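Chain nomenclature is as follows: A, B and C, assigned in order of appearance, with residue numbering initiated at 1 for each chain independently.
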Amino acid sequence: MTMKRETFFLKIVACSLLRRHSKLLTAILAVAAGAAIVSGLTTIYYDIPRQMGREFRSYGANLLFAPAGDRAALTADEAGKAALFLPADAVVGVAAYRYNTIRINEQPFMAAGAALAEVQKTSPYWLVRGGWPRAGQEALIGQEVADITRLVPGSAFTAVFTDRQGKSSEHAFTVSGVLQTGGTEEAFVFMSLPDFENMAGAGGFDIVECSVSLPGADIEKLAARINEEIPGLAARPVRRVTESETVVLTRLQALVYLVTVVVLLLTMISVATTMLAAVAERRREIGLKKALGAPSASIVAEFLSESLLLGGLGGLLGGIFGFLFAQMISANVFGRPLSFPLLLLPFTVAASVLVTGAASALPAKSAARVEPAIVLRGE
Amino acid sequence: MHILEIEGVSKIYGSVKALQNVNLSVRKGEWLAIMGPSGSGKTTMMNIIGCMDKPSSGAVLLDGVDIAKESGGALTAIRRDKIGLIFQQFHLINYLTALENVMVAQYYHSMPDEEEALKALARVGLAERARHLPGQLSGGEQQRVCIARALINYPALILADEPTGNLDEVNEGVVLDIFRKLHREGSTIIVVTHDPEVAREAERVIVLEHGRVAKEVLNKK
Amino acid sequence: MFWRMVKGALLRQKGKMLLIAFTIALGASLSTAMLNVMLDVGDKVNKELKTYGANINVLPKGASLIGDLYGVSGGSGVADKYLLENEIGRIKTIFWAFNIVDFTPYLETAAKIGGNDARLAGVWFNHHLALPTGEELDTGMQNMKNWWRLSGGWLSDADDDGAMLGSLAAERHGVKPGDKLTVEARGRKKQLQVRSVFNAGGKEDEDIYVTLKTAQELSGRPGLVSRIEVSALTTPDNELSRRAAQDPKSLSTKEWETWYCTAYVSAICYQISEVITDSAVKPIRQVAEAEGAILAKTKLLMLLITVFSLAGSALGISNLVTASVLERGSEIGLLKAVGARNFPVSLLVLAQIMIAGLAGGTAGYFAGLGFARVIGHSVFGAAITVKPIVIPLVAVLTLLVILAGSVPAVRMLLALRPAQVLHGR
């Protein structure tokens, strides 16, 4: 019964890996540790824009829809159509606002009507003392309005609305909360859209604020497309927000990239030294094989396939651990699960095989140089 | 007919003359022992006969081929085809079973053949220990595996380096018995040894001193 | 004899010892670089964010932001209250002066151009300021609005006849860079030349920007400004700072001190209000809040990445140390065979590796500083501040890694009988 040469080759390689537990373990550990760190870092690298992008949404809206040219307002239809251009999974919130002047105690203020649930999403930085309006005829007043009118959460006030024909109507409201932003919003009175329409009648929107979790370049492209497709509507990226996001994300990515490269290098050195040590320790065995008539090519092949198998195994292990490690970071830092690019696993395995192969090339070469004579006595 | 002819061979390492103008012929089927104190050139002699080193000058005809003129790769091929090596330290690959250790030699030679490898182990009385790892075998058993491995490719020459150096008396006897059997079957055997007991078993003994053949003794049976 | 053996190993086994030293150097350099970067990344990202806008607004007490509103001008909130231009420099004299990155005053006034309404703002562009403390600095819009896209250059502070127009304003009035434009405000007229048009991607696009002096002349308010925008490096808010922001008087003396001496945005606001007469200082929550969130996440991200990559490299390095100790099995076996006891043998091996490690660690530390510099310059375009705390951290880490790598290996070798080691089985 003869056995195929290839089969026996695989048997030697497999046995050398399987029957040398501790050595195998250290080598696999070295590869797996490197692969885990590198694949984890790569996952994070690709996920940073998505994850940090969400954080950047605490800056508020990064895209505005306004009526173009001399038009006074956007129709609900136009706003809805434009919003359809935004990728659903990236939209954090879309808040459409209507503005009109009202009077409280004969002093003029700006009233804003909006879907307040969306406002809470687009403007997460608003600090509200009291609460957001829940029932009808409740209003959120800015700090400045509160200072001037001396209204506090819970107090009632009457808003006087004057329409274009000069006809005034009175509307009773309760203050649900006082808003602090440090910005112009502090001079506004916010109310739900139905309450606003009840007062000012139906009408178009003055401005639509969108908070979209997309990188700056994509926002610019999106705005250009919307401007082209919907005449009469001007989509404007809020550049202060988008650019600051782009710069910080680029920096963070570059940082993670650099770290990844260094860890990769360290892994390579570590694997190469482990393999070199393995060669040193197995010089006698190599010498014996050569004494038995093994050609150098055969020794190199055995050694390389051994390390490639190691690389594959370590890479697989490392890829899985790397994902867990990235998942852990993501859960800890962002409090959100990670999208794991499945393609990364075969990529990690391939990369580890490649790195181990490259790192073993030198040791394998030095293995081939071992003199068969060392197996004889006296050496 | 001579299987090995060494003519005027010298080997110089830097300023050290390991072998100086050595002449030696070995008949087919002969059992030769090489003796000598440390530093006499025994190891160098073995290296040259085992095709692991080349002489600085002179000719070494193994089965009619002058190995002094061959390249490294060709030497490997000659060693594989013509020589069976037996070591003092046995040198079994510790992660392969006894059977697989024998098959390694087949593998580098031509084709691994389990049945034939088993037969070779049976010849040295180890058929039932074939699936054991070297760590599970005694020293004597390991040496017998080593002998089986040396025999597997029907070498023209069996070269043994102090084959009983690491064995107790009982196992020494077992190994020498195998050698006698091989000799009866017509194998050519060269044993390098310190041990006069082992050397006495050979037909002819040469003694190296300072890189020269100092003495030649023919043992009467 | 002990030291002779240590010396012998170091000098005569140069290759192996160099390898150990090299590996440790690599690990030490990585940890030095990562730790330095990690400790500094907060400041770096903070500065980065700071270039994208002010986070503090200084207003006259009782005045309102209502002038900024969409189309509303004049009304209850707009009082004739102003800040004094000559007090602005005091912002740079507060306790946290070092954290004040940039600031610019604004004097905003309604104007008319050819009968159309327009908003005019006078600001500092890149104003040179000499402080009473003797310090000098340049500050203004140019540093604070670097996301503006300009066709043409920034206005200079001495260019009292020039103006910068927002893209929407330029469109509305039909002008382009180089054109002349007559501005009318409160009965005064002035001809200005349009130097450049900018696109800010915000409300500023509807405005006209001129030098502070021009605005003061046109509006007839010499030496006055209507508000100041300040951009400051701040520490993310916590419970204490939120409480202080509501009412600083509610804090105990000790809490007060902690709050006052920490760069919370509320503390900096409070300190500015102390030096600018009759001012109300408010954090711009949009910026402050977002920065706090992003900074906190960035720091945490860096911390975790650092910990994991350090753990990974520590594993790799201790692996190598283990390998190099195992390699010396026969030497240890020999020492035991000639009668050495376990303890001195372990001590010998450890001493040799420690010396190699010390050399490697020191070299690695300095290499790591270099590496941190490279990261700083390639990623942030600025040097990473070297923190002395990193030295003991790296030393302890290196020590732990060496011990973790060598102690189990030495123990394993000691457990073997000398004969086994010597015979290589």
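Keep in mind that, in the parts below, contacts are C-beta pairs under 8 Å (C-beta built on N, C-alpha and C of every residue); 3 or more make two chains touch, one makes a residue touch a chain.
Just so you know, these numbers come straight off a predicted model, no measurement behind them.
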| item | value |
| --- | --- |
| Core chain by centroid distance, with centroids computed from Cα atoms only | A |
| By count of C-beta pairs in contact, the leading pair of chains | A-C |
| Of all other chains, the one whose Cα centre sits farthest from chain B | C |
| Distance between chain centroids, defined by C-alpha means - chain B, chain C (Å) | 74 |
| Centre-of-Cα separation between chain C and chain A, whole angstrom | 21 |
| Between chain A and chain B, centroid-to-centroid distance (C-alpha), Å | 68 |
| Two or more partner chains touched - positions in chain A | 284 |
| Overlap residues in chain C, where contacts from two or more other chains coincide | none |
| Multi-partner residues of chain B (at least 2 other chains) | 89, 94 |
| Footprint of chain A on chain C - complex, ascending | 19, 23, 26-27, 30, 33-34, 37, 41, 44-45, 48-49, 51-53, 56-57, 64-66, 68-70, 72, 75-77, 147-149, 199-202, 282-290, 293-294, 297-298, 300-302, 304-305, 308-309, 312-313, 315-317, 319-320, 322-324, 326-327, 371, 375, 378-380, 424 |
| Residues on chain A engaged by chain B in the complex (per definition of touch) | 1-3, 5, 7-9, 11-12, 15-16, 18-20, 284-285, 288-296, 298, 371-373, 375-379 |
| Residues on chain A engaged by chain C in the complex (per definition of touch) | 26, 29-30, 33-34, 36-37, 40-41, 44, 48, 52, 55-56, 58-60, 99, 101, 107-110, 123-127, 144, 148, 180-184, 186-187, 206, 236-244, 247-248, 251-252, 254-256, 258-259, 262-263, 266-267, 269-270, 273-274, 277, 280-281, 284, 325, 328-329, 332-334 |
| Chain B residues within the chain A interface of the complex | 38, 43, 46-47, 50, 52-53, 73, 76-77, 79-81, 85, 87-89, 91, 93-96, 100, 103-105, 107-109, 111-115, 133, 149, 161-162, 165, 192 |
